[in-house]
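Going by the order they are written in, the chains are A, B, C and D; count residues from 1 in each one.
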Amino acid sequence: MSPSSSLLTPAPPWETTQWFNSEPLDLAQLRGRVVVLEAFQMLCPGCVSHALPQAVRLSRTFGDDLAVIGLHTVFEHHQAMTPTSLEAFLHEYRIPFPVGVDAFRSADPAPVTFSRYRMRGTPTTVLIDRDGVLRAHRFGQVDDMALASAVTRLLDGAAPRLLDEEAAPGVCAVDGTCT
Amino acid sequence: MSPSSSLLTPAPPWETTQWFNSEPLDLAQLRGRVVVLEAFQMLCPGCVSHALPQAVRLSRTFGDDLAVIGLHTVFEHHQAMTPTSLEAFLHEYRIPFPVGVDAFRSADPAPVTFSRYRMRGTPTTVLIDRDGVLRAHRFGQVDDMALASAVTRLLDGAAPRLLDEEAAPGVCAVDGTCT
Amino acid sequence: MSPSSSLLTPAPPWETTQWFNSEPLDLAQLRGRVVVLEAFQMLCPGCVSHALPQAVRLSRTFGDDLAVIGLHTVFEHHQAMTPTSLEAFLHEYRIPFPVGVDAFRSADPAPVTFSRYRMRGTPTTVLIDRDGVLRAHRFGQVDDMALASAVTRLLDGAAPRLLDEEAAPGVCAVDGTCT
Amino acid sequence: MSPSSSLLTPAPPWETTQWFNSEPLDLAQLRGRVVVLEAFQMLCPGCVSHALPQAVRLSRTFGDDLAVIGLHTVFEHHQAMTPTSLEAFLHEYRIPFPVGVDAFRSADPAPVTFSRYRMRGTPTTVLIDRDGVLRAHRFGQVDDMALASAVTRLLDGAAPRLLDEEAAPGVCAVDGTCT
């Protein structure tokens, strides 16, 4: 996670085309709540085995204090991960939280919100505080304890401290390699 | 697994529309080899977390003695699990063995080969001996040791003995329920 | 965890007979630091598979801010879990933090500190704040996220909020049953 | 596993001082049955997390056809792993099969049966056929499928074929290093 507490910037707005498990959502509506944004692709193995189950655990642990939001940021195999496929995926994997579909312009394989947040691949976990400020941002697997600690600090209005990035098996980088 | 050693019947022919990781394959070509047919759906959680990794372990453990074959038997969410989506899935999950797409006629949600084998859902593991005879058939999770033992007996020309069916979390039954 | 924030009581003093990985320690020396006291028995399966690895993760996640302390609270099989056996156990399992041996009087199978803290079995996880006040106390498995959140709140001087107790496989209760 | 099918030698006799979960057993009594001998130490982490649960799975999978036997081969920390400690360990971990205590002479840290079988550490898995012939021998973790296949071949009177030895985390070698 990049602490960057001296450079607190507002989280960029999301640009989405469709939502599942929710009415359309934007950051302004979530002002006042801490947000964990989990950017994933439904065919990214590390997202399915690690990041999405972790997001479900976050949601169960922190309840309504925390807004856990999925963002489907497809940057490869676009025809394989359509909203129709995503809808069935969310149903079969019983994902309970809102999931937005990142907007996509055909000129660029990377979708719009993904690019605004300068993401490098999936999964990426983003923490946003009650004032809509981007507080942490990590590509790859995040440890449960470190993530829960950072979320707790944001809920309590303190600065999160996140540890070094771990090795991240099962991620998909925007250059097309999945590990 | 249904032992049914007194009722040895030829395994029904497969009807497929497309193959990945292989030229088109049918049972006649595999005569002389033991075959494990793993019927799955790419959005069935128990297939992704258990049955497909197990099929990969089988393939590594037994090498060329054994033909491990995947069969994509979609009986729900047909628009979500097209061959295009399957191809990306097989690539991202690094499935190394041949995978056929079960034929589908729009009158029936269950695909053709799935119905011929009287499958109840996914995953289903089918064992076929060197003579093309159907020797075992199980819906749900199979234990690694029991499966390796049954495959070994078929490789050695003996009758497989399979144990009681276990509880099978993560399967998808043809009535549309996934557990 | 019993919140009992209205009934904040000092954590009872520890009575120990021996220490490993440390000079003898008591609570007074740890004043100013948050303490996680992990009460375990070396032959309690749930302690070995869950609670001790979790305590090691806590220690790695929070570093020197947090004092993670093991307490060997033997209440059964006393001849099987002597300090000599414990020393080899700690070496083989590479437990890095200080571990005290709870004092034992032959009249009572339960050891002294275990009884002072009214523990019901092992593992039991106890949280003590910087002022030496007992803040939470749980028998059985604690979830990583909930525990990390509670520790974070204590480190930041806030009250921990812990969730409902989970099912706890692998614990040993003082009545002699291990599950 | 060393195949050495050209060098079939009788399995050396066991020398034990005590048995748990059984009357005293020797190889002569087990003639006619296939035997898996699992050599372990109760404080060897890889034995506790991998080899003993695997031996329990073998016992459940193959039932009475197979004699699964534990052998407590202590070669370090002798005072920490006495028969008294072992008895409590077997009780708490619910080990259901017979376990013998390897004989020990104070001149040599390695126990008698361990040395006769030229073991290098724990866990070591030994396969013995119905005629009392030593058929396979491996130090470290063995894969479930490969082991079940080898056991099946011995049960059927065929030669086992075992794959290459894997990386073996959590073993304890006789030179005192545990990994």
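Going forward, a contact is a pair of C-beta atoms (placed from the backbone, for glycine too) under 8 Å apart; a residue touches a chain by one contact, two chains touch by 3 or more.
Please read all numbers here as calculations on a predicted model, not as lab measurements.
Traced through touching neighbours, the fewest hops from chain B to chain D number 1.
Touching chain A and chain C at once is no chain at all.
Taking the mean of C-alpha positions as each chain's centre, the chain lying farthest from the centre of chain C is B.
The distance from the centre of chain A to the centre of chain D, each centre being the mean of the chain's C-alpha atoms, comes to 48 Å.
The distance from the centre of chain C to the centre of chain D, each centre being the mean of the chain's C-alpha atoms, comes to 35 Å. None of the residues of chain C touches two or more other chains.
Going by the touch rule set out above, the chain pairs that meet are A-B, A-C, B-D, C-D.
Within the complex, the chain D residues that touch chain B are 57-58, 61-62, 143-149, 151-153, 156, 158, 163.
Residue ranges on chain C touching chain D, taken from their complex, read 43-45, 48-49, 76-77, 79-82, 84-85, 87-89, 91-93, 172, 178.
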